[in-house]
Every structure is written in structure tokens, then in C-alpha cells.
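Everything on this sheet refers to the single structure shown next.
By letter and in written order, the chains are A, B, C and D; residue numbering begins at 1 in each of them.
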Amino acid sequence: MGNNPSIRHTKKGSEELEIGPERIAIFTGHFGSGKTETAINYSIASARAGKKTIIVDLDIVNPYFRSTDKKDVLNNAGIEVISPNFAGTGLDVPSLPARIYSVFQNKEYRVVFDVGGDDIGAVALGSFNPYFKQEDYRMYYVINVHRPLSGNKKDIIEMLRSIENHSRLGVTHLINNSNLSYETTFYDIIKGQPMVEEVSKECNIPIAYISGMPEVIGNLPPDLKAKAFPINIFLHPIWDQ
Amino acid sequence: MAQELIISGFGGQGVMSMGQLLTYAGMLEGKNVSWLPSYGPEMRGGTAYCSVIITEEMVGSPIVNEATAVIAMNLPSMERFERTVNPGGLLIVNSSLVNKKADRTDIDVCYVPANEIADELGNTRVANMVILGAFLQKTRAVSEDSIIESLKGVLGSSKEHLIPLNREALKRGTQSVNP
Amino acid sequence: MAKVLMKGNEAIAEAAIQAGCRYFFGYPITPQNEIPAYMAKMLPKVGGSFIQAESEVSAINMVYGAAGAGGRVMTSSSSPGISLKQEGISYIAGAELPCLIVNIVRGGPGLGGIQPAQSDYFQAVKGGGHGDYRVVVLAPAGIQEMADLVIDAFDIADRYRNPVMIMGDGMLGQMMEPVEFAKKEVTISEKPWATIGNKEGKPRNIINSLFLDTQDMENHVLKLFEKYKEIEKNEVRVECYNCEDAEIIIAAYGTTARIAKNVIQKAGAQGIKVGLIRPITLWPFPTDVFKKWAEADHVKSFLTVEMSMGQMIEDVRLSIKDTKPVHFYGRTGGMVPLPGDLLKEIIKIRGEK
Amino acid sequence: MAKVFEKPKALTGKPNHYCPGCTHGIVHRLVAEAIDDLGIRENTVGVAPVGCAVLAYEYFNVDMHEAAHGRAPAVATGIKRVLPDNVVFTYQGDGDLASIGTAEIVHAANRGEKLTTIFINNAIYGMTGGQMAPTSLLGQVTATSPYGRSAETEGHPIRMSEMLATIEGTAYVERVSLHDIKNILKAKKAIKKAFEVQIAGKGFAMVEILSTCPTNWGMAPAEALKWVKDNMIPYYPLGVKKEVV
């Protein structure tokens, strides 16, 4: 990754996230890529932009660190949350409520799907396949190059294809969310960009956003094609709350 | 006197039942008693032995490490337990199967041809009763009547016809040694 | 009823039948095989049911089912088998069901050997299975006590709706001593919570240990621990022997306590005053008794004797908060401490001061 | 006007948690109807498994036990020995019955325990999130068979009904499916029969029910039912595998 872009500190602080035109946004990606944080921030931005928003926690894989954990914050922002029946309880039955179907009927809402990690989590999308076929959606694939099994182009593309196979849906946009959690610097994000660009070129899928914490992302060079996606971290381990 | 004895022999020589008869007889006489078998692989053909305690005092540990008496029904038993007899104690050897003399000189050693005596009575299997008779003669640990009483309990009514034979074996054992 | 001469294992089985136990589920393992054999023979004669299960795992789950249905039920095994039963024991404790589990301990870890040991102490008193729970653990030192404790164990289990364990060892299981069964009337308390069919108009009974809500789960455990506090208050059993003027007090249970008693007599003959505290309940542990004797001036030190590398010694030290030295003497792997060696250890400890 | 659709007495009426299109709900209803039809509700004790049906004790309006994973037949055995005159059933999934609890089911059947077992075979682990089940089909992609189940490395899918039919203590085994109305009616008859066999004291009875898991299969409910018909039934042929008259 010797490609060291010239850094110009042209922007200061966070900027508002500009959400896409689609009614249905699906966030997929590797474990630990930052899907849930992106989905939560995306929902909040959507609500701030004046849209009636529902977030569907479709994570049937991970019992912790899920959007349902932030139900109060989301509800306060005017966002409805639909969760698996036992999310946040002591039981790991991943059953989904029938209410999920309502989001396909009522078109007034913008719907954000927070999908479970990897291709395994993406399987659950398959049960709604006939509905997705009926209208436009964006399926974001969130990439963090600083994670095992997504540190090179081959692995990233393999997972992308596998998620598409399991969910029976095509990824429409990429998000570069290369981060090292609390220790993320501006350079960590930028370091991931050339690889995400290669993936974009090979798969012919545009990069929609580069995401990161506001204080970091504010310094993006202006010549990048992707939009900045400032992320406020909502999911903290309990000892940090 | 308190008896802490080890009875040892091949599996099948009746060493366990000899110990149980003694223990049971001691209980009938109102003494404190315990019976502890060796168990495990030895049950399947090797040396089997049991520890018996008959005493007026409290029975502490049921294990006998320092014996007042040892009954050795075969050679391996004598080799293994001869050294555990207390000085001045008693070693009874089944000389039908052990053709060796004991090394110890500080103990009382009796040689009883138990199998031969039992054969004379027409049943090798009462060799254990013969040697038990010898033990009673030497120690007076319990009475012969108590042993017969216990035996009745073990044999049950269907095998009561075996009592006279066992009583005879016990008597022949008694006669085989000096008091 | 007159005294009879019985093996420890047989005495356990007979006592259980006399206590009204009618269901036994087990799997063969040495050195406790006389228990299932006795039960297989006797239970059908008293209208009970015996199953040699396909595994210890199944056996304990049959116990779980039978206990939930209101039956007076037990199982028995030895160390490796008890390890397999821990899953079920945790469920039974979680669902608050009464039952008796007998562990005739053998040497370990692993397959170990069949000779007597006390190395399952931690497993028995500190949990064994998963989760926050306690099992009442009774440690008899003779055959009469074994029989008496079996009968008490069923009552304790019913009173607190909690599994109770009898912990013996191969020696206690295999040895014979006279035992007398006091013929007393057995009254088994009502079990309105048992799943015997949901009669119209009555609340439904559910035997369960699953909680969806973490607060409910915590509340359930807190309730269990309220119960354990009651057990600690009411059920501690201990024997003190020769402690009144002892300079060294031995802490030992079961077989090792019997050996200790022998040695105490021998030491006394040599002018060394040794006492014994013998916990009969390993849980609840007789903490207060240890504390009391630790405060006595004449007691200079404690000596814990176990057939393990030293497990109960931790509870002894916790009980007296290390206010006096606590020494350890033990043999493990099926070896039994010899009285002579233990006496030497006592003489050595006395010389060190 | 006569009511045509009424909640069975043997269901509590508590809304169940199963995913849309999951066939657990149908089976619960069929079991409850059989209990009602036979008039045994007050005399029945059920055993719930670990798996998606872990909360079955909330839905069946009979006395219930919650068993550890795979152990339902052992728990049911214990109950039945204490209560020989009661009707005892287990409700188990494929991981519970055909994997971790194989020993328990085989030996309960072999002892001829007078139990009724409802066996849900949906070829996947639902609760833990779509892992390979012992009954997953060859080539089936799951979380733990990402390249498709291969006979070489994962072995062949296990046919429990055929296996248990070879056991002397088994009195009745039938495999049914829920992929259309006609088959649902057949399933209902089979479930009722499995209770009747127990009541008659004939021995062990089991109904294997080919079921769906739309969420973990990643299929819409209708697609899932079609998948049962096209893929599961050819490997798991329907019908009575054993019946002792």
C-alpha cells in the first residue's frame, strides 16, 4: 500500500451525511466491517432529512452489538426498529417477526436493513427475495481492510460474491469503512482506499462513501469521488458506557 | 484382644467369605467389626484379600496395615503379607499350596494342610473352613457357634444340609494346631 | 430391626428403598456397581422402576424427568460418570428439583483408577456443572452413617427442592460394617409443582431453567441463593473429636477421618494432643466450628488430611482466615494415607514450632 | 352459526415466535388438535427441546418440561416411569434428535418406551443460525458447510425414520410433509396415530415431519415449501416406515 496520497487538511470537523435516493438500503459486509454502525448512522441521517425511517435488525448471527441495543436512541431520533423476536434476551432463537413484511407494503417509509455478518448473515435476506425484486434498493457492501479475511482484494471480492449468492441480491454500492475502532486515524482510512478502488474497478460497483468518525473523516482530500460518511459510534462495550 | 487380620489367597478360595463369616460372627457377639475387600483387577484371578477388624474398641480406619494375624492361602499371599504381621503376631499358612517356610522368627507361624484335610472330608471347597478353625483355635477371636450361626445366614435354608460338613471342617482345623 | 452386615454400596441402596425411593437410573462404573445391582433386584419388588440407561448423560436426564414428575429418585456413579452427569445436575439445580446423586469417588483425573480417592471435592462443593448453584454434599465416614444420611438426604432434597449428593469413596462403598435400619414411617411431602397433568382450572406446571430476560435470570439465581443461605443456616453437620485440649486439629472427612481417629489415639499414647473436626456436610461447610476452635489458645495449628492434592484445605483456610497455620498431608490417585506416615507428619509439625 | 376455526384447547393461545412461513406453528396446531381429539389434555405431559421450539412449553397448554439439548427422550422416560398412565410426548428438531440426542432416541425406542415423539426435520439448525444439520442434503450450503455438504467430509444425511423402524421397540414410525394441504391432513392423521399407539401401550411412536426454515434457507415461504417437495421428499420418502398392529 505504498500509495500515499498528498494530504491537504482542507475541511474541518464533521459534515452532514448525504443519503442516497433509494427507498430500501441494505447494509452487508464482513463481521466487524462496521455494518451496524453505518446502518444506524444512515438511519439517523435519513430521519434528520425528514424521511419516515424504519431500521430492520436482521442480524440472526450476532447476539451482541446490534442495532436493537440502541433502540432507545433510534426511537428518540424518530426511527422505528424491527428486531428478531428474541434480540437482546437470554435466548438465541433467531426467529423473525411477521411485521417485517409490512415494510414492503407501506411505501411511505425509508427502510434500512442491518444484515448479520458475512454470507451467513446474508442468508436471511433470501426469505424476502420476491419483495426485493419488485422495487429498487441499494445494497451496500461495507469494507474494512484492517480485518482478517478482508485484507486483500481476493478475499474481499470472494465474500462480496458469496453474500450476493446467499442473499440472492446484487451489491450495488461499496463503502470504505477501513477502521481500527477507537484508534483509527485519518491514514488508516486512506490506506484502505486504493484497495476498495481496485475492488470497485474489478466488480464494476461504484464506491458510495468513505466512512469514519467525524473528527477523522473531515480531513478527506476533495479529489476523492466517494462522499464522506461521518460516523458517530453508538455501540460501546458495556465497560465504556 | 482386638483382632486386625488379613486373609489372602486366590480368587475362588473363599477368602472373602471367610472374612465375612468372621465379621458377622463378631457382630453377633456384640463386638465392633469391619470388613474391607481388595477390589478391582485382583477379583479376576489374581490375589484377593480382605481386612477384618474385630474389637471391643471403636473401629477407626478399616484398613489393616499392621496385622495381629495373617492367613495366607497361597504362596503369593505369604510373600506379600508376611511382613505386615506385628512382632508376636500370628501367621497361618495353607501348607497344601505353600511349600516354603516363613522367614520371620519373631512371630508364631502355623502350617495347616487345609486342602488335604478338606479332601479327606470329601470337598476341597471347605479348605477355608479348615483354616478358619485353626485361626479360632489360636486366637479365640469368636466362638465356633457364632461362625456356624453366621454360616446359616449365608447359606440359607436351601443349603442347610451343608452345615454338618462345614462344622466338621471347622473342627478338623481346630485340631490341626495347638492352642 | 437387628443389625445386618452390609457393604457400603448395598447399605446406600437399601436405605434409599427404605426412604421411599422408587426410581433409579444409572450406568455401570466401578466401584459403585453394587448400588444399581441392588436396585435392579429390589425396586421391581416394591413397585418401583430401574433403568440401566445408555449413558450417564441419559441417566441423569431420566432423573430430571422423574423428579419433575414428582418421583423420589436417585442415581449413583463414580468420578468419570459424575463428570458426565454435571449437565443434568445443573439443570436439576436450575429447575429446583429434588433428587439424590451418589458419587463413590475413584482416583483421577481422566480414566484414573478404581481405587478410593477424595479428589472430586471441588467438583462436588464448588459447582461441577455450569452456572451459579449449589448442591448439598454429605460425606459419611462409616456404613451406618451412610445409611442414615441417605434417608436424610431425600428429606433435605425435598425440603429445599435441591439436588443432594452423597460423596463416598471406593473404600466406603466396598467395605462391610454392621448397620441397623431404624424402621420409621416415611412421609413424602406433597409436590404441588410436579408435572402430573394439567387438570382443568388449575395452573399449568412447567419444569424449566430458561430465562429470556437477564433480570429474570438474575432474580432466579438470587432466589436460589436465598435458599442456599437457609441451607447454610439449618443443615450444617460436623463431628468434633478430642478438640477440647488439642494442640493440633486435623480436618478430614470420610475415610481419611477414620484414619485420623486411629492416629489421634496413637498420638495421644505418645503425649501429643490431637483433635479432629470432621465435616459431615462438605457443603454447607462447617465454617463456624472451625472458626470457634481456631480462636482457642490451646490450638496451635491445623492439619488437613485428604486423599487428594489438597482441596478441602482451601475451605479450612477460608473458614479460619489463616489465623493459624494450616498444614496439609495427602495421598492421591487411589493411595490411602497410612496411619504411621500421618503420625510422622504430626510429630514433624509439632517439632517445627 | 357453527364455528369452523377455533383454537385447540391444548394450545395456550400465546402468540408464537416462529418466523413467517415456518412450519413449527402448523405442527403445534396439529399436535394440539390430536390431544383435543383424543381428550387427553389433562393427562398429557410434554417435553420441549433445545432448538427453535425451545419455548414450546409456552404454547402447549399441558404440563411441560424443558429438556437439555438432545435429552428429551431420557427426560420423557423418567416422567413416563413415574407416571405410566399419563401420555408423554417429546417435540424435537433434527439437531436435537438426530445429532446430539441420537443415543437417547435410539435407546428410548429400543426400550420400547411408550412415548410419542414429534420430529421436525428441516435440514438445518435454526436456533444457532443456519448450521449444517445431520439431515442437511448433499450439496446444501449452510454456515458450516460453506462449500455444500459433501458425503466425503460430512457424511450422508441421516434417515432417522428408516433407522428407528429397524428397532424392535418401535411400534409406529411415519414420515410426513407439510408442503401442501393434502399432506398437512396426512400429517395430522399420523400425529394422532402416534398418540393412539402410546395410549394402546404398543411401544415407541414417532412422526418425522419434513419442515421449512425460510429464514435460514434464505427463501420466501412459498419457495421453501417447493424446496421441500423438490429436494427433501426424493431423499426422505414419505410414508409409514413401521406399524405394529
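The rule is simple: a residue touches a chain if its C-beta (ideal position, glycine included) is under 8 Å from a C-beta of that chain, and two chains touch if they have at least 3 such contacts.
Quick caveat: nothing in here was measured; it's all calculated off a predicted structure.
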Contact-richer chain pair [B-C vs A-D]: A-D
Rounded Å distance between chain B and chain C, as computed from the means of their C-alpha atoms: 34
Distance from chain B to chain A - Cα centre to Cα centre, in angstrom: 85
Distance from the mean Cα position of chain D to that of chain A, given in whole angstrom: 38
CA centroid of chain B to CA centroid of chain D, Å: 63
Per-residue multi-chain contacts in chain A, two or more chains: 86, 91
Interface hub residues of chain C, defined as touching at least two other chains: 210
Chain contact graph, described as a line, ring, star, complete graph or other shape: other
Pairs of chains, among all present, that meet the touch criterion: A-C, A-D, B-C, C-D
Interface residues, chain D side, partner chain C - complex: 12, 41-45, 47, 54-55, 57, 61-68, 71, 74-83, 86, 103-104, 106-107, 111
Chain A residues touching chain D - in the complex, by the definition given at the top: 60-61, 85-86, 91-96, 98, 100-101, 116, 119-120, 122-130, 162, 166-168
Chain C - residues contacting chain A, complex: 210-214, 217
In the complex with chain B, residue positions of chain C that touch it: 3, 5, 30-31, 113-115, 170-171, 174-178, 255, 258-259, 261-262, 265, 336, 338-340
Chain D to chain A touching residues, read off their complex: 17-22, 52, 54-55, 126-130, 141, 143, 146, 214-221, 223-224
